[in-house]
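Several structures are given next for inspection.
Look at the two complexes coming up: subunit A is in both, with subunit B in one and subunit C in the other.
Take a look at the complex of A and B:
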């Protein structure tokens, strides 16, 4: 009986997914093969937009910056998050120690950038406090590193929290057994704790990988990708080409590229993790 | 199987009906119009105009202000294909107006213009900015003349007078520098084009016009020389740091820079900071770089207020646009913001701006369309980024010009 209605039950959800997720994706993929300014009907351009990707100096810069964001995110918010978690999960008052790291997570990306803008600008608080005259947001790639520091300030806490959950969910027996065998410190962590945490690490790193590949809001609010496009990420390039330059075709090509890169990176990483587990 | 298909179709029909809106094209009689604009900071002034129009012509107006111009333009373009349409909306003159006229999206206002010119409410000199294919579209939401706002107290302190020649301006900057004061404001974001257009217009306005229409190249010697002059001014230390995020109104008020070049709308920033014209600040017309030019070049901008060709209530929208050009409406619009008006009958309370408006109307200046409107969006985006890079690293000017020209080549190859 139920079988006869099964399509009816899933139809609303399937329709929403099709209309809101698949249709825009297919439309974007189509636009990437056209010349389109948002007003006149799209004109078929074949692979011209994709050919332009390989001849665009700005895209090279945004790819470099996106790469810095990905590597930087793994080292700083994720790496330091793990460090704080390991140092604090097993000590008295550890939760209180982690609270300050968690607070900035309450801010949205745009809000975060607004808060840091007066700190990092040329006439900003950072220069006054440090007694220097540094243009934190002007020279590349230093401006990307400055924004990465802001990103770390916000993201460290949540990564730390996830790692703590992972650490607390590890069964005690293997750790106790390892301790009885004389393992401690780095060796205990490296050979017992870390392998046991692998499923959770895969999730944390996977999420960080995707979020760093699509970095947009913090860069847009702090520098708008400038000066002179030197702090653009792929997501910022996609937005600027589409909505600022009204080159919807090329912007869509960047969107397709970003989707492929994100999808491929996630697939390769997760496949490796699943195989290893 | 049949029932499940019926159920599926039923759900799909409901969803599509919900997406479909409420019957496009049905004529409505409106008593309040929506005005979408990219001047979110002016919401207060639009509200005041809405109250006045309700009182005067029985037609209210509710503004919806965006602060991000790119988002705003994307919304307006998308609205052309949906039922969420604004009754009135602000736009840009130049290529952007021509684009939406070509798509038959914007209502013809030729009759409104003819009537307003006859009544003396609009100057015929403004009409070319609103003319596409021999017809007028939209009406002027605002007009602005560009010049230099300066901190009067700093000028008085160092016994400086508004410069009459370009050399005077450079000498003024030098005097300020010797006294530890930065002469000029500039920025690497959005308004990075200001000094380029000013130097171009003051050196060779014909070349500037040719550049806007793709008949000259950014790599032409005349443009390169302008960039070199700009570089000299930066290298001389006359400008504040382009990464400074202080609001330009505060820059002038605090004396971080003694001079800020903007349109007359910048006067609103002065009045909101309780600065008095003639005492705390003043305004002068920037002299030409090239003294041989017959007229002083003055950057001019005018932002249109438009209605859609397929407006929900075309009569009401047109009635509103007509009212907008009248002296009553313009008096309120100009006075509340402390700005100049497109209506020559309006008295400008600020003496300096009043003189500029009168002189400009009398043909004293060569009005040059602002770079923002004069340049097609794709080239503009590349240029704003390029100038942003240049003010941060002035040595890159040749590379910057080549990058802009590359974008210009691509654009003009399909738009001539």
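Take a look at the complex of A and C:
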């Protein structure tokens, strides 16, 4: 009907994706096997960058911090979000109880870190109001926990909202039946409600898993990974090794590591979800 | 009763920082003192503070550029994605599914895997620190999602519509432009909103690919302002800046909530 002409419709999409996403991806994978400073052409270095990964104290710190971010995100914004959702979804005026948690979601990106900086800084509001003298953003790993608290403040609302939507869409009958059988409180939740909302939980947790592994913005704006390098995450380390230390080869290796970890975590998570249902 | 008590208690903890933020962002820049941060000043200097931030950090050009990126790139992205979805589903492109996989596969790459080659490549091609360069990468990032949603949307439309239009003598492109594109408006809008938000909030591409104040996206510019919070930007000015630059995404989302929900459900169910 149109012959070759129809490739004109798919060409813009395919070209953009191939040139700006696939090619850089492959190129980074190649660069991770080279020594490269961005000025001289890359020199083949085999697995030297990856060997260095295992021998780098800063990378160990950022791996630990990334792990804190992943586990902390599961417990705080996601876990507390579930708690608030379960407490409020079926009471009168429940939506009003959730308003305080939704307000912070209006802040976005760097704006969030921007407003917390004067609170957490050394002579900041938190110290003065609480009458203490805590260096919230100085000591590791306390500074990562402080940033996690900020993250929780902002993210709880949206997680909670997703859970509420899920809770309100599960069928009434099994819950009524369990109530008649005498189940209530924790047992009702654990054995009836929780299994019913499982598909939704899988999505919320999966999204949180992937995004927490790539935590960058909030750390970059609040501490730039410091002081020293003690609050870096893997994504921050990648950026600093590359664009601050100009070690493009090593930075690429960190990017590959991050990609492999993210891919592996998603794969294991998805497999567990599939076998469990 | 216990449930309400827990909710109220947690809610108060959450409201504390929100209150501090609002009160102090509206405080005249000179009247800030951490010790009395919780007492409202009685003035409303939010816009004045924001004005000072815009002036002091030269955010004007940056805001205009960010608006350009956040509108143009998603528009191009949804259009290009819709074209791909149309040719794959409606024109039944040969090996269409593989083309789709190729395009959709673009979503899996973490941005960290793209930064070095984009930085080096853009420098060589003269795209570094240019608006065109940012529009290109933002558009490319939008395309996979747009193609995904629009492909789903078009598979839900009866093929007889296409046949009837062709029978009446419309060219395949005309059928796309006059029939399929308008029909998919809710889906296009949903993707547009998601992508607008993503681009407006982007920090890392702006950080890597730009340098001058006028080209830098606003979140990157704000992040630069941050280090100045210690170096003398008055706290109310910083707070007002953080608050106001967050507003466009909120306003867009609230204004289009219905359309957004409708577009997404149309895109996923069919």
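Quick note on the criterion: the second predicted complex is superposed on the first by the 265 of 277 C-alpha atoms of A that agree within 3 Å, B and C clash if a C-alpha of one lies under 4 Å from a C-alpha of the other, contacts with A are read in each partner's own complex, and residues count from 1 in each chain.
Please note the rule applied: a residue touches a chain if its C-beta (ideal position, glycine included) is under 8 Å from a C-beta of that chain, and two chains touch if they have at least 3 such contacts.
All of these numbers come straight from a predicted model, not from anything done at the bench.
Chemist: Evaluate whether subunit B and subunit C can sit on subunit A together after superposition, giving fit or clash.
Modeler: Taken together on subunit A, subunit C would clash with subunit B, as the superposition shows.
Chemist: Check the residue A:103 against both partner chains and state whether it touches subunit B (first), subunit C (second), both, or neither.
Modeler: A:103 contacts subunit C only, not subunit B.
Chemist: Does subunit B (first) or subunit C (second) touch A:166, or do both, or does neither?
Modeler: neither
Chemist: A:221 contacts which: subunit B (first), subunit C (second), both, neither?
Modeler: A:221 sits against subunit C, while subunit B stays out of touch.
Chemist: Give one of first, second, both or neither to describe whether A:244 is in contact with subunit B, with subunit C, with both, or with none.
Modeler: Only subunit B; A:244 stays clear of subunit C.
Chemist: Of the partners subunit B and subunit C, which touch A:72 in the superposed model: first, second, both, neither?
Modeler: Touch partners of A:72: none, neither subunit B nor subunit C.
Chemist: Who does A:38 touch here: subunit B (first), subunit C (second), both, or neither?
Modeler: both
Chemist: In the superposed arrangement, does A:123 touch subunit B (first), subunit C (second), both or neither?
Modeler: both
Chemist: Check the residue A:22 against both partner chains and state whether it touches subunit B (first), subunit C (second), both, or neither.
Modeler: Touch status of A:22: second partner only.
Chemist: Does subunit C touch more residues of subunit A than subunit B does, or is it the other way round?
Modeler: Touching more residues of subunit A than the other partner does is C.
Chemist: For A:12, is the partner it touches subunit B (first), subunit C (second), both, or none of the two (neither)?
Modeler: both
Chemist: Kindly point out the stretch of subunit B, out of 1-9, 73-81 or 217-225, that overlaps with subunit C after superposition on chain A.
Modeler: 73-81
Chemist: Let me check the overlay on chain A: which residues of subunit A are in contact with subunit B and also with subunit C?
Modeler: On subunit A, the residues that contact subunit B in one structure and subunit C in the other are 6-7, 12, 16, 19, 38, 117-118, 121, 123-124, 239, 242-243.
Chemist: Can you list the subunit C residues touching subunit A in their complex?
Modeler: 3-4, 6-8, 10-12, 14-15, 17-18, 20-21, 24-25, 34-35, 37-38, 80-81, 83-84, 86-88, 91, 93, 99, 102-103, 105-106, 108-121, 136-137, 139-141, 143-144, 147, 172, 176, 197, 200-204, 207-208, 219-220, 222-223, 225-226, 229-230, 235, 238-239, 241-243, 245-247, 249-250
Chemist: Please give the residue numbers of subunit A that touch subunit C in the complex, ascending.
Modeler: 1-2, 6-7, 9-10, 12-14, 16-25, 27-29, 31, 38, 80, 84, 87-88, 91, 97, 99-101, 103-104, 106-119, 121, 123-125, 127-129, 153, 156, 214, 216-217, 220-222, 235, 238-239, 242-243, 248, 251-252, 254-256, 258-259, 262-263
Chemist: In their complex, what parts of subunit B are in touch with subunit A?
Modeler: 1, 3-5, 7-8, 11-12, 15, 70-71, 73-74, 77-78, 80, 99-100, 102-103, 105, 188-190, 241-246, 256, 377-378, 381-382, 385-386, 388-393, 396, 400, 403, 414
Chemist: Note which residues of subunit A are touching subunit B in the complex, please.
Modeler: Interface residues on the subunit A side: 4-8, 11-12, 15-16, 19, 35, 37-40, 57-58, 117-118, 121-124, 135, 137-139, 224-230, 239-240, 242-247.
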